[in-house]
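My structure is below; once you've seen it, I'll send some questions.
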Amino acid sequence: MELLLLLALPIAGAALLGVIGAGRRAPEINAAFSLGTFLASCALTARVIRHGDLLLAGEQFFIDPFNVFLVTLTAFVGLTTALFSRPYMRVELDHGRLTPGRLRLYHSMYQLFMFTMLLALTTNNMGLMWVAMEGATLSTVLLVTLYRTPASLEAGWKYFILCGVGIAQALFGTILLYVAAGKVLGAQGVTALLWTHLDAVKGQLEPTVLALAFVFLLIGYGTKVGLVPLHSWLPDAHAEGPTPISAVLSGLLLNVALYAVVRSKVLVEGSLHSELPSMMLMGFGLLSVVLAALLLWRQRDIKRLFAYSSIEHMGIATFAFGMGGPIANFAALLHMTVHSLTKSSIFFTAGHAAQKSGTQLMDRIRGLITLSPTVGWGLMLGSLAILGVPPFGVFTSEFLILTTAMRTQPWAAPILLAALAVAFAGIFSKVQPMVFGETNARRLPHAPALLPVFTHLAIVLLLGLYIPPYLADWYRAAAHLIGGP
Amino acid sequence: MRALDWITQVLEVVAALAAAPAFLGWLNQCRAWLQNRRAPSLWLPYRNLHKLFHKEAVIADNASSLFRIAPYVVFGAMVLAAGIIPSMGTRLPLVVSADAIALVGLFAAARVFMSLAAMDVGTAFGTMGARREMMVGFLAEPALLMVIFVASLISSSTALPAITENLASGRIGLSPGLAFSAVAFVLVLLAENARIPVDNPATHLELTMIHEAMVLEYSARHLALMEWAAQLKLFNYVCIGFALFLPWGVARGHIGPVGLLVAIPALAVKLAAAGAGLALIETVSAKMRVMRIPEFLATAFLFAVLGLLVHVLLGA
Amino acid sequence: MITISPTLLTGCVALLCGWVVVGLAGLLRPGSLRFAGRTLFPLGALLGLALGLLAGASLLGGGTERLILPVGLPDLPMHLRLDPLSSLFLLLLGASSFGISVFAGGYFRQGEGALPGLLCLQYHLFLASMGAVLLADDAYGFLVAWEVMALSSYFLVTTQHRIPEIRRAGFIYLLMAHVGAICLLLCFGVLQGGSWLFTFDAMRAAHLSPGWAAAAFLLALLGFGAKAGLVPVHVWLPEAHPAAPSPVSALMSGVMLKTAVYGMLRVGLDLLGRPVWWWGLAPLILGLLTIFYGVLFAAVQTDMKRLLAYSSIENIGIVFTGIGLTIVFEGSGLETVAALALLATLYHCLNHSFMKSLLFLGTGSVLHATGERNLGRLGGLIHRMPWVAWLTLIGTLAIAGLPPLNGFVSEWLLLQSFLFADHLPHAFVNLLIPMGMALVVLGAALAGYVMVKFYGVIFLGQPREASLAQAHDCGWLERIGLLWLALGCVALGLFPLQVIRVLGAVTGQLIGATVPQASSHWWLLAPVPGRPVSYGPLVFLTATLAVVFLTVLAVRLTYHQRVRRAPAWDCGFGGLTPRMQDTAEGFGQPIRHLFQSFFEIERELPAPADRAPRYRIAIRERIWRLVYEPLSNAVERLANIAARVQQGRISVYLFYGFATLIVLLAVALMS
Amino acid sequence: MTHLPLDQQMLDSCAALLLLLSFAMLSQRRIVTLVNLYAVQGAVLAAATLLLAWRTGEGHLYLSAALTLALKVAFLPWLLHRLIRRLEVYWDTEPLLNVSGTMLAGLLIVVFAFALAQPITLLASTATRGAVGIAVSVVLLAFLMMITRRKAMSQVVGFLSMENGVFFGAMSASYGMPMVVELGVALDVLVAVLVLGVFFFQIRERFESLDLHHLESLKEHE
């Protein structure tokens, strides 16, 4: 029931807004649907807490701690983003950067995007998961090009082609999985693609084929996670799309993709009993962290800057999953959570900052703290949080990850140390002058919608100081489920 | 603590106060003789002090109360030092209350006050003198401490009485480390007391002067105290030298009348010899440029550290 | 589960929370200066005093208390612990913060850049976080408090964020702090020794292989050194301390640096168990280097707060030298001597927090009275602001290490412990340590030089600017603050024996040995085991005073007291102007001349024909050019290389994917 | 190899034909022809599927054959042709790697693909498992083609033929995927092409051409 609501509401919203998405009340309707989705997800969560794992709709859907918390997170951020985009997109409309038609497209695609992500999270069928992931790409690609500027078109094109090609590899990987499973589970029938069944028999699956399958899946979904060197589309897409989309892309889509990678890793590791998958993940992770940290130094566009920071943090999480083990997995899950919250809030403030000073170029944004204290403090605190400064939650996960790395992968510790230092210098040296200093820009009439920002930051702060026990149990259960060495 | 100890303590201080000017006078006499001049009287320093105390004090408009306090503090510090150094006996009440490091600290305090007072009026000469004095100080102090540390390592204590007793006991024969530090000590002594070749006590208004530049603004009783303090300083340094290198005649253990009768003449003899020696050094050497002084003191410091190393190498 | 029992520890926690509350109260009326200055800051000061008292009590009790708060990581609630070591530093925090907060109440003016209420919040958060650092008993809580401390102080430093230099200072500060924190994080990662418990107790219990232990020690040295301002990771300090408002500079220099020392002691002597002797060489050598480096640069500064900042670096050097000695001695089995060295270290921490806070607050008053930080434009202030001048004089003499004030005592103890070098079983070190002693002594003497320059140029002589005539003395709140700290300096100087008795608890905890007291007199300090060495500051004071008194009396009786005021003697050529006094540059000239090679000097000399000749000299640290600039350039270069990866062509991007696919497939096939 | 059943031989020849076709696409520079080749590929694919369906009697295979026919032979080519006519893009410019070089690379890829296919072939139980290697090489060749082309249009064709390869892989390794998935995939492909259509016009109205070198401004490296 909850699940039905969870998936039906966005679809309905997409359909409805597809019709009246340009209307005066459209933003509110959008927010309302998101709210509904969020409530449904809460109900679902409650049910999982009460009854444990769920298998629904003829085993087509599977809810366990691992994905249920992602579902809740997705729905929540979806809601806050909808709230944020309400005034934001209005302003964009007033500035004439958008036409009502495109606003309609925006709204309906937004809901569709939420649907695809929720589907990808909840489905038990690896094939359906693939379909949903591809759908997520397709539904956002037109949002990235919403402004129709040359840059946005280019970004959209790269996003489409690179992710499309990547996802095609993932499909091949899925097929290989299917073949391998078919051997064990009886060639035909749907069961051979159901994760639960695969998980049950993962011990007997043919290792080599699974290794190949994993490579294809990793390349495929890893492209969407933005793992270096498959990341090239990410900064462009995040920087050129409208800010709410950047927020959800960076805050949610990456998580979902990483979720897919981890799901496949669980299967493969179960059959391989070798270091291969974890080594690959760790390699990708470190590479992403290092390269992103370096490229942070060269950024001039504020959203691009934080797009690279997303790559860096996804790298950290991937590395942690690669290390495996209860603590590292726990930390990685926590990191996914806090990163998506923090990063989306940063994009919100960055969007306002860009609106207020009429540009995304950082050396033209100055003195936010005098221009609008809330935006200024929001950006400052958000950046500090994402840089892993306590008492924010990002520090908590990085604390666990680094300490684990120091013990189990000492060779990686100095690399991480250097990379984090470089990243800190890269981001903070650019944020500080934007927040502080003199400004000549004039205040804009409309007040920024910063409720979402500070809600997110408050949650992140809370997670830094105190993790509620049931949440912790969730994470533990999920971490145990992911397992690893 | 026996009564005689207290008496000796007082005696020692009083002796220092009394003998300091005479020692300076004696030094000047020797110098004059060595330079074939007619020597001034031995009592000239006393007459000077007396004259100065009589005069009316003139103080610059800009001078703060620090300027007026300084002479007393400096003088007091020097008198205390005279009490601390075991020039006659080693078990004296004041002597136990401080060790060599504290002694050096005392000298440093005096120097700092003097320099501050010199800067107080704000004349070119005053600040110049202060700067140079501190420059001399920051090299001379460490050298002196190093000298003392050699002796302390030898007799494993920084308390002057302990050192003196230990050395006087003759258990240590000729120690090369000590020899090195003795050289260093003499250099430091010359520098610290504004003697040639570092400074020329006999001149005024010369661009190379240090001590005189600092006391330039002082007059009358303040100047008298400053001068007296300077003489005491010289006296104290010489006594430190005795305590470290020529501890003979100093009464060891609780002092008795006999010890006292031995100690006083011994001190007198040693002082006479030291004065002559200093006069000789001052005669044969020439005043050096101010910027050369650091090198001079660096040499002293080097000697002291060498002494330390030599002792550690041979001793350990 | 917390059980609220009225123990000292819960009291301390309550007081820290009180600080937070006071800070938040500032937000009630963020704009009102009176509310913050006259009400909140004094309130915070009282809390500080109470904290100091509690800490003192627990120090005398010498016991250990534990408390667990249900916050933090799920399986790692926040452990708190109050033992002699932490109570000593809490005492330090409380005592000096009392003076500083009172002063701050009178100090902050309108237009400091940020709102008074916000300042109040940041200030008290800073205090509370420092307290939390000292109380934390698990790695996570420690690091959180540690970084909150850095963060709040960063915001305080950048109070006047409109000035680019200050922004730069803040950036460097936070960057160094963060890097240091990551080092500590890794250090704790090693220390937990695979037990995955991050409580300090677990770390004490963990058995590390020698290699890991050494790694942990070096990481800790790096991390805490970066916070303490140990050369070569000190570069943030001379930038940040002058940038901050003076009370904040005082807190940072007087207290925050000490939290780093606390951490070093906690890790090096407590968590790591019994240290290996050669670990001590690292802090020893770095400390000596730091002493020399700091004091040299202090001698050539022309900005009074920068001068003090460098002097802080020097004093931190002394402290780390002490730590190094302690470890060397303890590692070699000479517990009592180690205790002596540790005693000197702790004593110096106490002293420095009082002296340096006093001096920074003094400069703060001067700054407000004159609006000048440049020594070249000050002078003669002793006439205009006697309170500040005389109280600062005490701090100056104390930090110059002159008896009978407190600075001398700790240096005396340190030298005494140095003199035991010949007991060490390691021949080479025997040779090294005397050299170290020479450096310490040289540093102390140079400190005297620096302080005479500092005091003489600011307060003595004739005012170098006409505007100084308007300078006014500080207000009553400020006076109380200064007075408190000055009294602290005097007390610590005159009653060393009592202080040492108190410190005994700490040495007992960390080394398991206390220093015996040889002498029977309450006024005589004779802590050196087996050596007849003693020092009685009270005797110094009384004797000197007696002599002065007698002299005055004698002169008054035998002669007269006539005094005439006259213009200063101008050698007869007339026209004595303030410009004829030494400037700060002039006073530093000998040092600059002697140690040229240390500095990076750029001069502007006037040409012979100049109508209005100007002389300018700028002195930078070579370390920027030698280490840090190359480092950032290297990163830049790497970034440029990395940028090649991202060069816009979709075909190339596709190729990356393709290549990765092929390679990984090959790998998968191989394995 | 002599007494293989007829359908088996036909299937194998279909596979061979597919490989040949993708090589042809790799070398082909005229976009119209490229699209036609794609259509032919689709047709061959449909034929193969039909054969398989007839042979195994799998009901859903008939359906997917029909789907393929409708989508990849009829609709998409028609759509692409229409786009080409509307946008007047007939020729691709010189590829980044010259034809002979591309061919050589292609050959190497085929070799690698067969090496890759070994374990899968061993595992798969289908009659057509031999063709898996071909499927892999079709995918990789399409990848190569996308890398070497400069026109958006030809990249799209490459993308589609890659999808064909994947589909053929599924077909040969396990007689296709479950119906749900196949429908989903088909839907996605359809949507993708529609989106692309929109895209082309957007790009066109900006740049007056579909040449990719317009789309190289977002980068880090100056």
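The letters A, B, C and D name the chains in turn, as written, and every chain counts its residues from 1.
Please note the rule applied: contacts are C-beta pairs under 8 Å (C-beta built on N, C-alpha and C of every residue); 3 or more make two chains touch, one makes a residue touch a chain.
None of these values were measured; they are calculated from a predicted model.
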### Query
Take chain C away without moving anything else; what clusters of touching chains remain?
A, D | B
### Summary
If chain centres are mean C-alpha positions, then the most distant from chain A is chain B
### Query
Hey, which pair has more contacts between C-betas, B-C or A-C?
B-C
### Task
Please work out the Cα centroid separation of chain B and chain C, and write it as a whole number of Å.
36
### Query
In whole angstrom, what separates the CA-based centres of chain A and chain C?
44
### Task
Would you mind pulling out the distance in Å between where the CA atoms of chain C average out and where those of chain D do?
70
### Query
Just curious, how far off is chain B from chain A if you go by their C-alpha centres, in Å?
78
### Task
Spell out, as numbers or ranges, the residues of chain C touching 2 or more other chains.
640, 642-643, 645-646, 650, 654, 657, 661, 665, 669
### Task
Indicate the residues of chain B shared as contacts by at least two other chains.
none
### Query
Residues of chain D that touch two or more other chains: which are they?
116, 143, 146, 155, 215-218, 220
### Summary
Full set of chain pairs in contact is A-C, A-D, B-C, C-D
### Message
Under the definition above, what is the set of chain B residues touching chain C in their complex?
### Response
53-54, 56-64, 66, 72-73, 75-77, 79-80, 83, 94, 96-99, 101-102, 105-106, 108-109, 111-112, 115-116, 119-128, 130-132, 134-135, 137-139, 141-142, 145-146, 149, 152-153, 156-159, 161-162, 205, 216-217, 221, 225, 291, 294, 301, 305, 308-309, 312-313, 315-316
#### Entry: Residues of chain C touching chain D in the complex
640, 642-651, 654-655, 657-658, 661-662, 665-666, 669
### Message
Using the touch definition from the top, list the residues of chain C that touch chain B in their complex.
### Response
379-380, 382-383, 393, 397, 400-403, 408, 412, 415-416, 419, 421-422, 427, 430-431, 434-435, 437-438, 441-442, 444-446, 448-449, 451-453, 455-457, 460-462, 524, 531-536, 539-540, 543-545, 547-548, 551-552, 555, 558-560, 562-571, 576, 578, 580-582, 586-587, 589-590, 593-594
### Task
Quick one: which bits of chain A touch chain C in the complex? Just the residue numbers, please.
157-158, 161-162, 165-166, 169, 208, 211-212, 214-216, 218-219, 223, 228-230, 232-233, 235, 274, 276, 280, 291, 294-295, 297-298, 327, 369, 384, 387, 389-391, 395-396, 398-400, 402-407, 413, 417, 420-422, 424-425, 428-429, 432-433, 436-438, 464-467, 469, 472, 475-476
### Query
In their complex, what parts of chain D are in touch with chain C?
96, 112, 115-116, 140, 143-144, 146-150, 155, 212, 215-221
